[in-house]
Amino acid sequence: MATIISNRRVAEGIYVMHAKGRFEAKAGQFFMVRGWENYPLLSRPLSVYDQDEQGVKFLYKVAGEGTERLARMKAGDEVTLLGPLGNGFPAVHGRTALVGGGIGIAPLYYTARQLEQADLYLGFSAEVYEEHEFRSLRHPVEIDLGGIVLDRVDFDAYDTIFVCGPEPMLRAAQMKSAMSSGRANVYVSLENRMACGIGACLVCSVGCENGRKKACSDGPVFRAEEVVLA
Amino acid sequence: MATIISNRRVAEGIYVMHAKGRFEAKAGQFFMVRGWENYPLLSRPLSVYDQDEQGVKFLYKVAGEGTERLARMKAGDEVTLLGPLGNGFPAVHGRTALVGGGIGIAPLYYTARQLEQADLYLGFSAEVYEEHEFRSLRHPVEIDLGGIVLDRVDFDAYDTIFVCGPEPMLRAAQMKSAMSSGRANVYVSLENRMACGIGACLVCSVGCENGRKKACSDGPVFRAEEVVLA
Amino acid sequence: MIETTLDTVCRIGKVAFKNPVVMASGTFGFGKEYGKLYDLSKLGGISGKGVTLHPRPGNPGIRVYETPSGMLNSVGLENPGIRAFLDEECAFWERLDTVRIVNLGGGTVQDYVEGARLIDEDSTVREREGRQAVDMIELNISCPNVKAGGMAYGIKTSVAREVVREVRAATSLPLMVKLSPNAEDIADMAQMCEEEGAEAVSLINTLSGMKIDVRRRRSVFDNLYAGLSGPAVKPVALRMVHQVCKRVGIPVVGMGGISCAEDIIEFIMAGAEAVQVGTYNFVNWQAGAELAAGVERFMAEEGIRSLDEIRGIL
Amino acid sequence: MIETTLDTVCRIGKVAFKNPVVMASGTFGFGKEYGKLYDLSKLGGISGKGVTLHPRPGNPGIRVYETPSGMLNSVGLENPGIRAFLDEECAFWERLDTVRIVNLGGGTVQDYVEGARLIDEDSTVREREGRQAVDMIELNISCPNVKAGGMAYGIKTSVAREVVREVRAATSLPLMVKLSPNAEDIADMAQMCEEEGAEAVSLINTLSGMKIDVRRRRSVFDNLYAGLSGPAVKPVALRMVHQVCKRVGIPVVGMGGISCAEDIIEFIMAGAEAVQVGTYNFVNWQAGAELAAGVERFMAEEGIRSLDEIRGIL
């Protein structure tokens, strides 16, 4: 059980929760989160948005019953966290771009914070949030509102590109990667539905070039060319 | 939806909730209460503890998942109320005793408040609560802690006796009534499990001398000799 | 106005339901109680509390127990008997502007048949007098078969066939057979009903379930097992409705755990003509009216003008 | 100390489980992942992810969907094949101090039989070398029967009999047959298993269910139907376990929706020798250890010294 330090609304339906505890999460990892006992049944996977001496932060969007409950929680309430889980982003080299679409920006903040150089591309459909936080990292930040953020990224200009966002965006990134010079190592972070979160149940399984892998324990970050998106 | 005005703990596991709304509840009636959407499934029946210009009050004991959730609610939160339901206590005549065991005292307060004369007998197993409120009604109040409150009541001394409490207590009241002179009209308030609360589903049905009746809409108050307790 | 062109009418033979929302048997009494809370003419229909030839006291002991997202009930067909129903409740039904369905239970084939005949005769009289009260019979074959050692008719198709055939012969009212999910093969059962001339089938009745009181070391229910309903069973109900719709040509009325308009749409996409709503009445006493409105809202949002556009598309 | 005298041992033939808590197939991998989170020797046993003769990729598309107090899964027996299991996972099992059960799936009778034989042979070798890794086979007959048009073996007793008989003949390891709640008659099925020489039966596997995505107008699952598990199904599971326990003399391992120690006690009172816990692992990753402790706590509170005192008292 982790005590909630704060849980604040940062935009319409978007919240940041800060939960107490000493974790050693790496960028791109996630936790299985629940703020209730047996209902709803499954825990909700949330990426590490940030981590400090006090605990871990999640940036999340109210998408349904579970995140709605999380949004109603207050400082002092308890959440149950299992994690950090997954492999997170691999070590990078060279020029790096971090591309996030919507709530997919969540894992990029902590990633960017640890990189010496990174260009940030953040795409939003309706409202921009956490812009100030991202800008305070002193990396170049390009914000796209209502357009297609990937269009702003020149894949040939980077050695490493991380893409997080809805599945159509990940497919577009695959396509763009395939059609580029191939200089960049392109990675995507998957958000498959999960149950155990630790590699035991295979419900998050994803087709890969060499057979199936588990989005939770083999991912959630994969090389873009490696995964077959439905 | 009714807004909670206050919801305070008055003893270990015992709460008083005050919910806003204009109701015209009679003493002994109840509401079907829920402070959640679809889980848990059923609403919880709670007796009218008191009623004022602002709304209705419930005195309740945390017994399981539903009442636990109610106990966690705060002023400003919303509860859903269906009611007032049931027939409540009949009009009384003559000398009246109100006998409550444990949380069974809940419907007696509002009842006593409306009576010119009433002797109150309140039994508790572990801790006395709401004593001050009951005493402020200026009726004689006898408190029993850890004993058998019914033993204190001389059934032949009253014209009307209302008994509310756990089923063994109601059975004891039936027995005592049967063995008394029969001068008193003895009434018991049943707490059968309910689903609809309005007489449509028959899950609360109780065997009576003239066939079955519904605890919700024909009761919850019955003449003691009329009902067959399991 | 999009709303005015929405077609939510559902049909079973000549009976038209103004919308797909029918209140399920046993959860809605005969409608009087809920009728005090909202206007029943908003409903597609009502299936009344199950009635039997003779009055029945129902089961003793605890009759309801809540389970995760479901409930077990053991009412055991408490009812005043068909005659009392016809004499006392039907006058209220005469005045209802919604489809009125009598849910018929039984114990022996003879009871079922005689019950159907009584309802049929009463209906003939009322019709002649222009005050019809019953539009359809829903035959509940989940009742224990006295001859077959208490096993429900609803389990084996061969056992159920007799009761369906006999009841079919005993009434000219439209006949809908209500199937049990405890059936060995529910699609077979539905096919049998079609073969025997039923106008429709409805499913699912409650799933047989159990709850033990571990402190008292006995079943919570005097009757040992009880019937599970509510959102917990919806995935199973939907699957069975889909299977049955693939098998038969007659209309199917789907139910089991419905608690929002999208649930209703799921059943219709699975092939159901209409649906019934039971347990959710206890969660939300305005269920019927709200769900009927919710279906229209969904249709408007999705640009669906008639439910026929989506019925059975899976 | 009361605790030291508590007897929680459960037995299937010569196999002794230190407590009734066995992790259910498909929800616990082969134990490695949860083994990093807590000490697996606290468990009565583990049933591994279902394996088949040949490796299987499992089902495409979405594989899990949450339902009220339950979940639908459509993993579709993704597994590395029996050889890979024996070669790569079994070394880990050799070192486990808990009962290790291989869950065996198949497609044709021949696949089942050959699979059983491989496991049996491997077991003989390891036993000779004093490094046994498998204590029992759990035969999952819910797999689609290729010959019977994809209908699962688990539905009709007559169809299942062949596979049970052949697998029984193919191995001398203790054999437990895992029954499907979709069976036409689960008690019949269990009786058949007893007749064919199985040491035990386990039940229930998942209930066939459906979920439609109403906006996309298609099933959430590529495979159309999926398997329902979790607290939602517990009342049905408990009833079936009770029915089966009344029918057969061999031990019954009960499961379906268990999420607290009282749930386990219910299954034991219904007659189960032991239980399995599946979906609840996802709710509480320490489920196994906590439930095992919870059973002891319940026994101490209620003055029960051996589970035999309460087993099958209903």
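As written, the chains take the letters A, B, C and D, and residue 1 is the first residue of each chain.
By our rule, contacts are C-beta pairs under 8 Å (C-beta built on N, C-alpha and C of every residue); 3 or more make two chains touch, one makes a residue touch a chain.
A quick map from chain label to UniProt name: A, B = Dihydroorotate dehydrogenase electron transfer subunit; C, D = Dihydroorotate dehydrogenase.
The structure presented is a predicted model; accordingly, all values stated were derived computationally and were not measured.
Participant: So which chain is farthest from subunit C, going by the mean of the CA atoms in each chain?
Facilitator: Between subunit C and the rest, the longest centre separation is with A.
Participant: Most C-beta contact pairs, which chains?
Facilitator: So the pair of chains linked by the most contacts is C-D.
Participant: Could you state the distance in Å from the CA-based centre of subunit A to that of subunit D?
Facilitator: It comes to 35 Å between the two C-alpha centres.
Participant: Subunit A to subunit B: how many Å between their CA centres?
Facilitator: Subunit A and subunit B have C-alpha centres separated by 53 Å.
Participant: Two or more other chains touching the same residue: where does that happen in subunit C?
Facilitator: Residue numbers touching two or more other chains: 68-70, 230-231.
Participant: Got the subunit A residues that touch at least 2 other chains?
Facilitator: Those would be 38-39.
Participant: Per the contact definition, I'd like the list of subunit D residues that touch subunit C in the complex.
Facilitator: Answer in residue numbers: 67-70, 72, 184-185, 207-212, 214-215, 217-219, 225-226, 228, 230-236, 238-239, 242, 257, 262, 265-266, 269-270, 298, 302, 310, 313-314.
Participant: Quick one: which bits of subunit D touch subunit B in the complex? Just the residue numbers, please.
Facilitator: Where subunit D meets subunit B, its residues are 68-69.
Participant: Using the touch definition up top, name the residues of subunit B that touch subunit C in the complex.
Facilitator: Touch list, subunit B to subunit C: 34, 38-43, 82, 193-205, 207, 211-212, 217, 230.
Participant: Give the list of subunit A residues in touch with subunit C in this complex.
Facilitator: 38-39
Participant: Can you list the residues on subunit C that touch subunit B in the complex?
Facilitator: 26-29, 33-34, 36-37, 49, 57-58, 60-66, 68-71, 73, 75, 78, 230-231, 259, 279, 281-283, 285
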